[in-house]
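We just call them A, B, C and D in the order they show up, numbering each chain from 1.
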């Protein structure tokens, strides 16, 4: 059994997942399933970004959807109004994500906890209002249509669902790889120290502001790239994309998967996406099911699916440790089992 | 009056109290000596119900109160005057005192009487009764804290380091007040680092180190004990 | 000049509604340190209960308002018991997400029953007073008067009664409150009840000059958050003054600057003020 | 062990749910897709459009369905919620076409239409778009039909009626969403061209604003003769009401999204909307099909039918007939080609707005009626008659 658990957390498992993802379009017959999966991957990339600032670093950023929209609008405006090809515009989306992330981060990260959360909620709303009102730049509430799709290479046509799926999958795999590198580096440990407490981090000699801003900028770059890909597949963008409801969606994905875990963002995004598709039959009543589900989830599985799984393994190992001295030998790939300690210890 | 049997308390996996057994008899003034971090405040908070014990039994007058809520303990007559005072800083002194009598709020006459007694004990508070508690000096705030605790008409008053951070002259006043309260019939459990002053007014004392009780005895025994003198009196 | 005074009156109308909603939000925050994202949904439910009592049951306006306050107070307490209480030891992010869950649920339930139609609460006070060029609809005066009367009553309750004092005590020092024997659950439930009632009354006062629909709470909630951050989270006078600031800023800014950007004003104000003073205009703590 | 069991159970449940939601495809059923807002702020609008489709389908199925090349088909509507989000609409579109084989997908918003247009020609389905925004059909998408007529037809007659009766000074106080902006862009130049001037321009967010007093008083301070208002009917009613409260005595040009009778309900009666010019409420229309439709609607509902319901009701009947005439349920190109002919054959009772033609781009063309409130009564005029006056 323990070997099975280790296996689930091993890098072999991740290669297996990647292999599954690669064969997925070949075995499912419906293009719709591939399309939903591709869009879920796009969101997952943005959720990986949110995981950096919110999961690892502990700062609830409620403007994340706004940065997603900034990326999407960068691609839309550059390709439609300035005739750029997709790829340079896509690169610029990342640059805009970084620049705006830096500006907002420097101002907002001086604030703590709820102040930060509500401040960023307002920033997100300002982004939405600016997109909605600044017609000369963004076409206002009319939105931007006929955005250029990613140009293909040779025979590959990214306006087709399956090639686009592989394109997004490649970006997603890269995003996960980067997250893993960060998480296992000194930087990742720095972020986690900040999450546990600012004071602890400072006592370890960590430059709070610089590291928080860095985490924030990394997260906004993820969001902006995801937004750029989104623009490339949906090929229409309107101000609604910056609406805070999308940020809430991403929080739900992250929560279901597990804050501050490596595979949580992917697991959460996929589960919620497919669950949403599955309960589509309920139409307008699905929130009556989904709302309480969210509440039950935070009460009974506060660490999300991956997090719960990890602490389950943690307990098993702890129980075993006195008997066999193998506490140090674990899957070794999930350095975040300590996440429960970030919890508020006093109400 | 108060009896602890084998009480443990934990912060996550860290054991802050380990098998504490002790008792305080009616009318006594018992001192709990211990260095910073020895477990005095944890012990107090466990008795007050702010923390739940991980093991053991706590009883008041023979009744089991283990794991009860703070409000139930206050109603049972166990009132803590906490370290750091924990006043309501933007409220007036008078409101702080009134809230001290929260559990007796339906007994208006009794509350009025206790208030007069407290104000008589601390005349300076009468003068400053409309000022926000947070604006008072440290010694005066300590008086508010003690007065607030007394408003609960405790059977057992637990004082957690009342002398902390006060000028020597004020410390003397505080201990004199504590003695006086005890003389008027309230049982007192006093946690202190200032062992000499505390022992002078105490009946008995316990010593706590690393979450365990390591020594106990009456006033003379403790004052005469070499280890206690070395560790806590510094003479 | 009349136009200016007219805008001041508009600002007062808006500000007193925002203030009432923000008051409930700030009280709950002061006690539990939960930014209750479901508060806007309570406001919305309040309007629907008032609509139901008045239009479907044919009750008197004031009776309907009291009914709305009672129902929403109960609902608010239920949220505390069923959701926030079990989460009191969870990380702060979880409270916020659970609150969002409640918001989605309440909106869906209301929409299931009443649909998404715009609905109207007819006011019995349709008269319009005119002072020279000034237009003073009675319902608007009622909003201002009602809101300030309610704020006054709340002030007296919090300052002069023992139960009111326990709320402030809990906000100022939680452990201190426990040690004088205040029951945390009682205070939490009472605070949620008051917050719910305030939101419902605000909605019942405001709905007759506005429309009732499931999404009506969104923007009001966002602005209430801006207000309590401006005023210092947990501060009661901060919520009232913050409400008026936003109300005036919108009315005057909307009139003299641009009403296209009217809704941006509140948020830009917030960003500017927090950039200069990260703890808000007023210091933290209920006074 | 228990873990794997749980996984298997979840997988089974998910598969079941997907299967159910996907809809079984019976041999003699043709699925028609719908994606629109059924929750969130625009839910009412989405429900209204869907209701029109449902009414038409019930009638068609009660008559035994449609006859396609000798086979009787029942029509089934597969409706999915997209919360007004373009990307959700795209996902829904993929799902409808792949899982439910829908040859036609209705959508009541422009964002959804644009997102569907990214792949509808390749995936093979016809978009029936209920949005007045011209660019939906201007981009040359072969498989898009825009259901409502171009609003630009209204601009000239509205201008003429309002200007002649009240004067040349216009105050713009309409909404800010995409459709309202298109209107403003068309209306303001037409007003100026007719010799009028715009004395104040202050559009407001009708769907989100807490209060219109500030915005309305700002426009009124420029002393206009006519106010250009419009968004959803109810907030438009509030704007009109507040303008009257603030002492405005001129006329209103009401953008076609708002219906004068509904506006009057909120504004405080027909007297409050005296001098308003707008589209004709269905209940007041002369069209032969209008009275039939209003009557049918009344039997099932306790409120008044909206134009979104009526247009979609018409469009569903039109599509059903086009499928019959195309003789195929899975060739959208043939279905699109059959629409003009189907339109010519469509009985008047299914055509409450008397739509007469469809352009090659996919625009439907009507001879609209314009309504004006005169002495508290709605008076009607045909656009074609107004043009004849010149």
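Everything that follows uses one rule, which is that a residue touches a chain if its C-beta (ideal position, glycine included) is under 8 Å from a C-beta of that chain, and two chains touch if they have at least 3 such contacts.
Note that the structure is predicted; figures quoted are calculated from it, not measured.
Asker: Which chains are shared contacts of chain A and chain D?
Answerer: Joint contacts, listed by label: C.
Asker: Quick one: most central chain, C-alpha centroids?
Answerer: Chain nearest the overall C-alpha centroid, as shown: C.
Asker: Compute the distance, rounded to whole Å, between the mean C-alpha positions of chain B and chain D.
Answerer: 74
Asker: Using mean CA coordinates as chain centres, what's the gap between chain A and chain B in Å?
Answerer: Centre-to-centre distance between chain A and chain B: 51 Å.
Asker: Measuring centre to centre with CA averages, how many angstrom lie between chain B and chain C?
Answerer: Using C-alpha averages as centres, the distance is 41 Å.
Asker: Just how far, in Å, is the C-alpha centre of chain D from the one of chain C?
Answerer: Roughly 36 Å separates the two chain centres.
Asker: At least two other chains touched by the same residue of chain A: list those residues.
Answerer: If we look for residues of chain A contacting two or more partner chains, we find 133, 284, 286-287.
Asker: Indicate the residues of chain C shared as contacts by at least two other chains.
Answerer: Within chain C, residues 108, 111, 260, 263 contact more than one other chain.
Asker: Enumerate the contact residues on chain A facing chain C in the complex.
Answerer: By the definition above, chain A touches chain C via 54, 60, 107, 110-111, 113-115, 117-119, 121-123, 125-126, 129-130, 133, 248, 251-252, 255, 259, 284-288, 290-295, 298-299, 302, 342-345, 347.
Asker: Under the touch definition given earlier, write down the residues of chain C that touch chain A in their complex.
Answerer: 29, 32-33, 35, 82-83, 86-94, 96-98, 100-109, 111-112, 222, 225-226, 229, 233, 260-261, 263-264, 267-268, 270-271, 274-275, 278-280
Asker: List the residues on chain C that touch chain D in their complex, please.
Answerer: 3, 6-7, 10, 13-14, 17, 108, 111, 115-118, 120, 128, 135, 137, 206, 209-211, 213-215, 218-220, 223, 250-251, 254-255, 259-260, 262-263
Asker: Note which residues of chain C are touching chain B in the complex, please.
Answerer: So the residues of chain C in touch with chain B come to 162, 165-166, 168-169, 172-173, 175-184, 285-287.
Asker: Which residues, counting only chain A, touch chain D once they are in their complex?
Answerer: Per the touch definition, chain A meets chain D at residues 1, 30-33, 35-36, 39, 132-133, 135, 140-143, 145-146, 159, 161, 230, 233-238, 240-241, 245, 274-275, 277-281, 283-284, 286-287.
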